[in-house]
Every structure is written in structure tokens, then in C-alpha cells.
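See the structures that follow.
Note that chain A is present in both complexes that follow, paired respectively with chain B and with chain C.
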Partner chain A sequence: MPNTRARRAGRPGPRRHTRRDLIVLGVLLGIPILLDLALIWGPTLASVGLSFTTWDGIGDIQWAGLKNYDNLFTTYPQFWPAVRHNLLWLAFLGLLAAPFGLLLAVLIDRGVRFSRFYQSTLYMPVVLSLAVVGFIAQLILSRDQGALNAVIGGRNPTDWLGNPQLNIWMVLLAACWRHTGYVMILYLAGLKSVDPGLKEAAALDGASARQTFFRVVLPTLRPVNVIVGVITVIESLRAFDIVYAVNKGRNGLELLSVLVTDNIIGEASRIGFGSALAVVLLLVSLGFIVTYLVQELRGEQQR
Partner chain B sequence: MSRRTLLRGAAVGAGAVALPSLLAACSGGPSGVTMGSNASDAVPKKAFAEAFKAYEKKSKKTVRVNTVNHENFQENINRYLQGTPDDVFMWFAGNRMQYFAQKGLLSDISDLWRDFDGFTDALKKQSTGLDGKQYLVPYYYYPWAVFHRKSVFRDKGYDVPKTFDQYRALAKQMQKDGLVPFAFGDKDGWPAMGTFDYLNMRANGYDFHIALLRGQKSWNSPQVKQVFDLWRGLLPYHQKGANGRTWQEAAQTLAQKKAGMTVLGLPHPGQQFSAADREDLDFFPFPEIDPAHGQDAVEAPIDGFLMSKKAKDREGAKDLLTYLATPQAEDVYLKSDPNNIAVNSGADTAAYTPLQKKAVQLVSGAKQISQFLDRDTRPDFASTVLIQAIQQFLNRPDDIDGLVNDIERQKKQIFSAT
Partner chain C sequence: MTASATTAPPALRPGPAAPQPTRRRGRFGIHLFLGAVSLAFLAPLLLAVYASLRPYEETAKYGYFSFPRRLSFDYYRQAFVDSGMSKYFLNSLLIAVPGVLLTLFLASFVAFAVSRLRIRGGLVLLMVFTAGNLLPQQVIVTPLYVLFNRVPLPYWMSDSLTMYDSLWAVIAVQTAFQLGFCVFVLANFMRTLPREILEAAIVDGAGVWVQYWRVTLPLCRPALAALGTLQFTWMYNDFLWGLVFLSDGDKLPVTSALNNLRGQFFTDYNLLAAGSVLVALPTVLVFLLLQRHFIAGLTLGASKG
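Up next, the complex of A and B:
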């Protein structure tokens, strides 16, 4: 401290940046900002703009007003199922997979036998991409040649992936298989950092194991809870690869991301219409992001 | 790390982002014609390589082939043609070619067509854009039909049905005999389109079918409802759970003699048969529904070559296309890939399998040749509306009115967009 004050004292007025400093700052800040604008904000704004046009990717861009949105809500049969499936995904991962991951983490943290083995087995699917999980799901669940129907036997095989009432649940289970391991490893790390003194104190105060967990351990895990929440929301909204691997996201597996792809990336090139879908997905995501940021900032102030 | 190295690193990083596009802009010198290929499967890939090799040997020119995964090629065709396409590329006949011709992305090759020999008028029509100019060199095609095993038909004493009533009666009989009458899979979304096409062409005729797919007829008309109604009547004889089964798996049930028949294209079922069983494979044309239309139309998708508008080596491209239009070029190809048949009447059919010979007969006797549902209509309509609609129909075959109204509403939207 005295050192800086001494230097400051020698130089009157606010600190001036040399020309070189300015260039360095400009480059170091400028490149990320430019990349951010070019790679993130540019495409985002372009999507919003294009969503008001009927563009097929080749000819002239024609203004269409709100027609795409109107079509989306009224005449596109896949839209509402896709919204429902995205929300179901969120609920399933958030209410089942994440708590289950926590449960496994607690059990392993308590030091059940072979905990290392369980830990690595449960974590293994996280290493696989969801597309690979999709392929594995097909090997197991295919109606005629899948392993599960071969084991169950019977004259009327169940159409796990072809029945539109059933396949979304099967795919959700497969997605859970991966998500649970992911959540588990995060909580395991969090549990390791819980001060054992806290638990001892709770035990001395006569708290039951349950009380200790819910009143003492879980609150200290708050930072991990936040991370798990964010990851769950992101995973649910960007869910794509597993259903695309199973049946291109059709016949009961529609998701917003799939509809965007179907309309923009494929041979179809209904870029205006697809952009409108992308904007809907963006708005849904923004809803969660804004809620999260508001909560975080509030928490920051309280602390 | 010092600031200087950090900066240097940042500069290199930025360069790495920009470099590939710069390099791409520089490539493409005059060293031979470039060929964009979607033939990523082993058998056709090798067969095409043989054909190009034969051309190189004959002309002393080189062909540089850029092979892209079949599905990716299809999905990126828009951007491909607007970016830096190859001089010549593989694509399909019919509406799917006309669409790009209309958008001005293809080169007119009418001058080459004037000297072509051995192509029927039907072929020429399928190679012609809406402006009356030719854009495609057809190469091979593969008819769709009802496939079955000779031995099953012989052992059970089945006769080949000519009419729809006989077809239905045969299906009923097969079910009684413990067979699945129709092996059926539509997980990929397109295989069931073949059945729709045939039902529509037999019941309403080729002209209605094509007008419907061009957006000129309405989908909630009585004619289309009748098609779905006929189909619904056949569904109890179809293998259940089609939306969860690939066509490969369906073809295997036919190979295993668990199923009696299946509606597929010439290259499809045979791939799932063992070499020994392949001779047991046979087909008959889709039966007649309305005597006014008989069995006139045959669904036979044509694959061929197109020249992109942005072709750099135009002379080279035309020379290559001229060669590919000769019967010899097709012979070389079919020697390595006997799952298709040549389009040129001068092609050597002596080495054909009996099945190929029968396919030639079927196609040459056709009064009209359709391509395929997703080749006879707009790509956006086929891939975002019809695939889903047919899958929905297979799940809930009873709500035909709701289904066709849904299709019609979306059709109006898509066809009015441009």
C-alpha cells in the first residue's frame, strides 16, 4: 500500500494510459467484443429480422409481417407438441433426474460399499454424447430387434420407440440416464466441501439424519444447486441430438430445436418460418436466463 | 506468459478463423472437372469411381470427385449451389431438379440434349425444367413395385394379383396362413410415400397425382380422401408399428419369410437378402384400382447429373456430361452396382439379372413415369408436412378429414410463400 501511494504521489492527476496501453486494451477488449457481435449478436438479430420475412435462402427477401408467427400458432401441427415436449423435458430432468442424482451422491458420499465402482459406472454415460445415447437406446428399445423385447419375450412386442405415446418417455429415460450421472458428480464435489464440523454440531444438537440433511447440508449446497438448475434448464431447452438420432425428432419426439432444424437446415429452407421458431425458442430461453440472473443479482445484494 | 506473446497468440487465433475461407477462395484451379458426389455408400461410390476412371482413360482429362455423405449433401444442397459448387454434381430428376432450375442455379444443357441418343420422351420430360430447357443427364433409375419371394408364392399357391380386390384378398389369405401380408417400415419418413403414390396414381391417375403435388389440387378433395380410405382398408394387413421400424428391418421380415409382400424400390429389398436367396426375390406391378388408369404409371426415380450455374470449367463439364449420357458409361457403372437399371436404351442388358430385366420391361411399358413423392413436389412441403402427415395417418388412420384439412392448410401457406 505505501508503495503505490508513493508512486501516486509522484504523478499528479488521474493515471494516463500510454498509447501502447490503449492499443493493447483496444485489441484485448476489441477482439472479444467483435467476435461476440459477429458470432452471437449478429446471428441473433438476423434471426429476429428474418422471422418477419418469407425467405427461401435463394431469392429476394420478402417482408411478411407477423404471418410466420400466425402460421406457427395456428396451422403448424408440430408446434404445440414441441413446446409441450420441451416443458416435459424440463420437468422430467428437473424433478426426477436432478433429485435422483442428489440421492445417489448422498449415498455414495456416505461411503456405501464399492462406492468408487458405482461412482464411475454412473458417471460413464456423461462421457457419451446424447447422439450416442440415442443409438444405444435404439439397440435396446427397437421393436423387432431390440434387446429389451427379446428379454421380455411375448407375442406382441412393445413398440418402445415407434408409439408416439410411449417414445417420449423412453427417450426421457435415456436422457435421464446421462443427466443423473452429471448431477451426481456435481453434488459429490459439493458434499465433499461441506464442513464436517457442521454435521457434528447438528448431531450434538440432537438432529436426526434427515434434519441434518435438509436443514444443514442442503443449504450449504446452494451454489451447487444453482449450477445444477442452470445445467438442467440448458440441457432441456437445447435437447436435440437424442431425438434426432432416434427418428429425426418426428412422430411424438418433436422438440423446438428439431423444428428449427427441419425448416432451416434441411432441403426445405423455409428460413423465415424457421427463424420465427428460433425466436420462440430464444424467448423461452430468455425467460429462464432473466429469472436466473435476477435471482443471482438479488442474492448478491443480500450477501 | 508475457503480454506480447498473448497478443501474438490472439493475432494467430484471429488468422486461424479467417484462413480457411481465404484458402477456399484460392482453390479450384484449372486441373480438371470437379464432380460433387452424394454417392457415399460403398457400392455406388465404387461404381461411380469406375465410370469416371473410364472417362479419364478415354478423354485423357481428369475428374476430381468430392464425395459428401448422402444425407448431408441433400440437406446442404441450397447452400452448396449458392456457394462454390462443383462443375457437375449428382442429383435427382423431376420437380426437385426443376426447383433449382427455376431459381437459376443450374446450367442449361439443351444443346447437349440435341445430340443425345437412346433416351425416351418420358426421360426427356423428367430432365426438362418448367421453362422447357433441359438440365439433367439421366443415368439410372429404379422402379418401385410390390416385392415378394417366389418360393413363398409357389409353396402357398398364391397368384399375382392384377386388381385391388385380388390384392386385398391375397393379403387376407396370407394373414390366414400366418404371414404378415405387408412388411412395412416408415421410421425414416419416406418409405411409406411409395404406397401413397401408387394408391393415388391408380385411383386418380398420374395427371391428378402430379397436379396435386404441384399444389394445383386440394388435399381435402374427395379424391385424396379416397386414397387414404383405401390405404386405411389395407392397414390391418400391414406390419404393425411401422413408425418405429426402418425399411431395412421391414425388408428383413420379407427375407425371413415372415412377411408375404412389401412395396419398395428395386435396390432396397435385395440388400437384405442373402446372396443365395436373392434369386428368390421377385416383384409384380402395383395392382389396378380404377380401370380408367390401369397400371399405366410406374414410379421410377431417376438419378443423374447436373451442371451448376457457377461451373468454372464449362467445356470440361459438358464433355463429361456428354460421356455420361452414353450407354457405355452406364454399362461401366452397372457392372459394379447391379441394383439399378440403365436409362439409355442402348445400354448392354445382357449381363442383367432376371430381376433387372423385369424392371426394364416394367419401365419401358409405362405410359407415365413418376419420380417419388418427395421428388415430385417442393422439398419444403415434402419434408416438413407430408412426412409428418403420413406418420400421423399410420398412428391414427381414422381421422382422415382432420388429416387432409391440416395438409391443405399448410400447403396453401407453403405454396403461396414464393
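Up next, the complex of A and C:
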């Protein structure tokens, strides 16, 4: 098609795709889109729909209105503890692990010797699966054979993971172990891209180190802050593996994610009820996802 | 922030001798702090390795921190051979390798269409994929469980005759779920590529496929390597999908199968330690060997601004 190949003056005009091009586009865009709709968004909508039913997965689907939600908020004993634990998770990761990761990144970014060693070591836990982290936590914290009790000694060993007052804190420490390194890497990358001229200019203007950091460096890290915020929220809502590896998320370690899972793979398959739990999780996370996407969209338009 | 002092012109310092000692002391403090934190971060891993090399009786008798009388790889043999972890490792590979390749292939095409072809509705597509990756897994788990139970598969594909309880289910959901992240990262990466190369190819009459496969993809090698490394660890580390979509214990990926090492009434923590170290080993190796790629993968998605 020699004539279509001629470049028109006003590009980008309507692009000329051949039949073959359209087939390639259709198939290779179609498959991922179908996958995403069938396995991600379809099920998300289905969760919403099923949450208004009392389905057990086998019999007829019976409409139940808001009954599941009513049960959830008023009679299901594990719901509010799970919500509290999820919030605690968020606070712990957001207020402890994330700032600690930032601190480590700032220290390493100062170019001290062995910084690569520190960086690798601190990052190591991130490559472990949360399940492995949960198992390692047991090696250290188990009542009778754990290393921590061996160090502390004493006649009455503490049951770090069995005591429902204590275990959530121990598991949170283990989760922090992993989250800190993750945050650190993100900030390290961000710090590397901060224009050194900015810092020099601040120093020339007589800004103290503290002022330079909080007034000059931190604002330029805004995109990283957003990412860290999103990751922290998402990880807190997704938290599952560690507690499930430790004790299947019972006895003080309840989380919303565990309750959803329990309701489908448990003895009684309460699909409607489990879906209502999932919808609560969905609503909370959608709030953050939408905020994040709006932010992204704005950046996109400025590009 | 004494480090910023190094970049400041020396004339600005109050005296030539004054900043030196403070900086050195500062450096020492930093090393002390970072060293201590590093040690604390490594300690659990070292402890797991140590415990895995000692017989249970010895730990029980002399305590955790006694000097070892006998070290051996018995627990590794026991975990690997007797508990059949080799089989679970294979399952993990059978899920992660096709999963990563499929995800990268499909995601790179979507990213190409969105950022290089600038198709209509590209931004919406990008948002749909990205948002999908941010959903908590539990939001979709229940309907997927029902769905997979209803999708029939021929016997040669799944001995359960449904998608449920077959590796296909896990591969499919891993791919669908991780597509979002990869599309997001790759679209951002492709946007940084020079457009001239693509335009030249279009002028030469290259079709969509050639523009994608021959012109764009080779330029994405660093991003693909980074994402591939990252995705492999993520898919390998995943715990939930295998747990929910596989009921036959023999099909479990190794992360989910670790639970099997825990006895009903008695847990041999030294055996558990060996199992944990074995499961962690591939990702730790990948990390140590491909550290640059690995970290690049994470930050590609984060530091585009």
C-alpha cells in the first residue's frame, strides 16, 4: 500500500492499520483484557453480588438482602477484633516500619563505606516469602524450643505466639522485618534521583542539615512517599501469610483476610457471608486505590 | 546530615579543622547503628541455618546457644527426600516459570499498545489493570473458587477434571493478578523510549507485530529482566493461591507445603528450620545473583516521577 505509507502532514492522524494489524491487536490485547475481566474484575463484582445472598456453594442461591452485613457487624464475634488487628497492622507498618526504612535509606545514602553490604542485608528479608517469615518467627518465639526464651531464661517461659495478648505484636515485628527493607529500597532509589544541586543550594543558603532534609529533600520525594503509602496500606489489608503460617490466624491473630479464607475453605462453606467480609475489605481498599489512581492520572496529564 | 557537608564548598566551613572530627564521629555512629541493625536483621536467618544443622536432641538437651557437638545435613536430607520437598519445588517451578513468561509477554503487549501505539482508551486500560493489582487477593478468592470448580478440563490437563485442584488455576490467577503490575511498570518504561525508532519502522511499513516484537521489545530488555526477577520471587513466594485452589497435597507449591513439615502433635523445629532455609534458598540466591535487576524492578514502578 504505497499511498498509505506517505506521511501525512498533520500527524498523528488516524492510524492506518492493516487487517493483520487489527487481528494482532485484537488477540494480544483481547487475551489480557479477558483474563483481567474474568479473573479479577468479574470475581470482584461477583463478590459484591454474592454478599447479598446466603449461598453455601452447592444449593440454590437465596437472596438475603443485608442480612450478612448485619450479622457481620453485630453478631460475628471475630469481625471487630479482625478490623482492629488490620488497623493496628496499618499503624505499625506506617508509623514504625516506613519511617525506619526512610531513616536507614538516608543513612545509607550518605555514602558510608560498606553501604552495599548494609543495603543487601537489610533488604534480604524482603525476598523471603511471608510464610517463611512466619515459620522463622516460630523458631524464635516458640514457647518451649524458641530461641528468645532460651536467651531470656527463667522458669516460666513466655508463650510469645500462644498468648493472644502478645502474639499480634510479635507477628507485627516479623512483618516489620520485611516491610522496612522494602521501604528502604524505594527511598534509596528516590534519594539517588534527588538533584544534588538542590542540597548544595540549600547549604549555600545556610540551611541546617535538618532543614535541608525536611524542606528540600523530603518534598522532592513526594512520588516515593505516595508509593510507600500505597504499599503500606495494601500490605496491611492483604496481610495473611504470616498469621496463617503461625496458627491459621486464630487465637488473637484474626485478620479480615483470614476470616474470608476461613469461610470458604473451612468446614462450612459460607460463600455469601465470606463475600460480605470481602466486600468490606474491598470498600476500604478501593478508597485508597482510587485516591492513588487520581494522583497518577494527574501526573499523566502533566506529562 | 554531615554528608551534605562533603558537597559544600570548604570555604563555607567555619574552620578547616572543625568539621573533620565531628564527621568522623558521625561516621562511626552510623556504622555502629547500621551494623547493629544489619545484625538484628540477619540474626533470624543465621539462627535458622544454625538450628537446621543441629539434631533436635542436642538443642533440647543443651539449649539453643550451646556449642555444637555435631553438625550435619540430616535435616535437609529428611526435608528434601523423606518429606518430598523436591516434588513441591517442581510444582513451584511449574507454576512460576510459565506464569512469569506469560505475564511478561501479555503485559508487554498491553503496555506497548497503551504507550507506543497510543490506542484510544489506553489510559482507562492502564487504570483498570493497575487497580486490579492493588485489590486484596481475598476480594476475588471466593468467586474464583466457585468458578474454577465449574470449569471442566480434559483428563490429560487435570486429573481432577476441573480447573480447581490443578496447577492451571494457580498459573491463570497468578498471571491475571500480576499483569496489572507489569503493565504499569512496562508502560512507564516504554514511554521513556525514543519515539523516532518506532516512527522510522512505521515509515518502513512495519506492522503492529514487528513494531512490538522487533522494534520495541529489544529495547525493553533491562526492564524485562528486572520484572522477570521480581515476578519470579513473587510467584514463587505466593502462599494463598496454592492453598485455596489446590486440595491435593501433592500439587502444592513449596511455600504452601512447608506447613506439612509441622507435625500434628509434635513439631521438630530443627526440621522446620531446614525446610524454611530450603524454601528461602532459591529466592535468596536469585536476589544475591541478580540483585541489581531485582532492585531495579521494584524501583522501576516507583520512581518514574
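Note that the second predicted complex is superposed on the first by the 259 of 303 C-alpha atoms of A that agree within 3 Å, B and C clash if a C-alpha of one lies under 4 Å from a C-alpha of the other, contacts with A are read in each partner's own complex, and residues count from 1 in each chain.
The working rule: contacts are C-beta pairs under 8 Å (C-beta built on N, C-alpha and C of every residue); 3 or more make two chains touch, one makes a residue touch a chain.
These figures come from a predicted structure and were not determined experimentally.
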Query raised in the report: Thinking of the overlay built on chain A, is A:I265 touched by chain B (first), by chain C (second), by both, or by neither?
Result: both
Query raised in the report: After superposition on the shared chain, which partner residues are touched by A:L87: those of chain B (first), chain C (second), both, or neither?
Result: neither
Query raised in the report: Looking at chain A, does chain B or chain C touch a larger number of its residues?
Result: C
Query raised in the report: Is A:I152 contacted by the first partner chain B, the second partner chain C, both or neither?
Result: neither
Report task. Considering only touches as defined above, state whether A:S285 meets chain B (first), chain C (second), both or neither. Result -> second
Query raised in the report: In the superposed arrangement, which partner chain does A:I31 touch: chain B (first), chain C (second), both, or neither?
Result: both
Report task. Name the contact category of A:R143: first (chain B only), second (chain C only), both, or neither. Result -> first
**Report entry** chain B versus chain C as contact partner of A:V224, first or second or both or neither
**Finding:** second
Report task. Determine where on chain A the residues touched by chain B overlap those touched by chain C, and list them. Result -> 24, 28, 31, 57, 142, 145, 263, 265
Query raised in the report: Taking the complex as given, what residues does chain C use to touch chain A?
Result: 1-8, 12, 27, 30-31, 33-35, 37-38, 41-42, 44-45, 47-48, 51, 59-60, 63-65, 106-107, 109-110, 113, 117-119, 123, 125, 127-132, 134-147, 172-173, 175-177, 179-180, 183, 191, 203, 205, 207-209, 212, 233, 236-240, 243-244, 255-256, 258-259, 267, 269, 272-273, 275-276, 279-280, 283-284, 286-288, 291, 294-295, 298-299, 301-305
**Report entry** chain A residues touching chain C - in the complex, by the definition given at the top
**Finding:** 5, 7, 12, 15, 17-18, 20-21, 24-25, 28-29, 31-33, 35-36, 38-44, 46-47, 50, 57, 104, 106-114, 117-118, 120-125, 127-132, 135-140, 142, 145-147, 150-151, 177, 181-182, 185-186, 189-190, 193, 196, 199-200, 202-204, 209-210, 212-213, 222-224, 227, 230, 234, 237-238, 240-241, 244-245, 256-257, 260-261, 263-265, 271, 274-275, 277-279, 281-282, 285, 288-290, 292-293, 296-297, 299-300, 303
Report summary line: Counting only contacts in the complex, chain A reaches chain B at residues 24, 27-28, 31, 54, 56-59, 71, 75-78, 142-145, 157, 159-164, 167, 247-248, 250-251, 262-263, 265-270, 272-273
Report summary line: Residue set of chain B touching chain A in the complex reads 3, 6-7, 10, 14, 74-75, 77-79, 82, 103, 105, 187-189, 240-245, 249, 253, 379-380, 383-384, 387-388, 391-392, 395, 406, 409-410, 413-414, 417-418
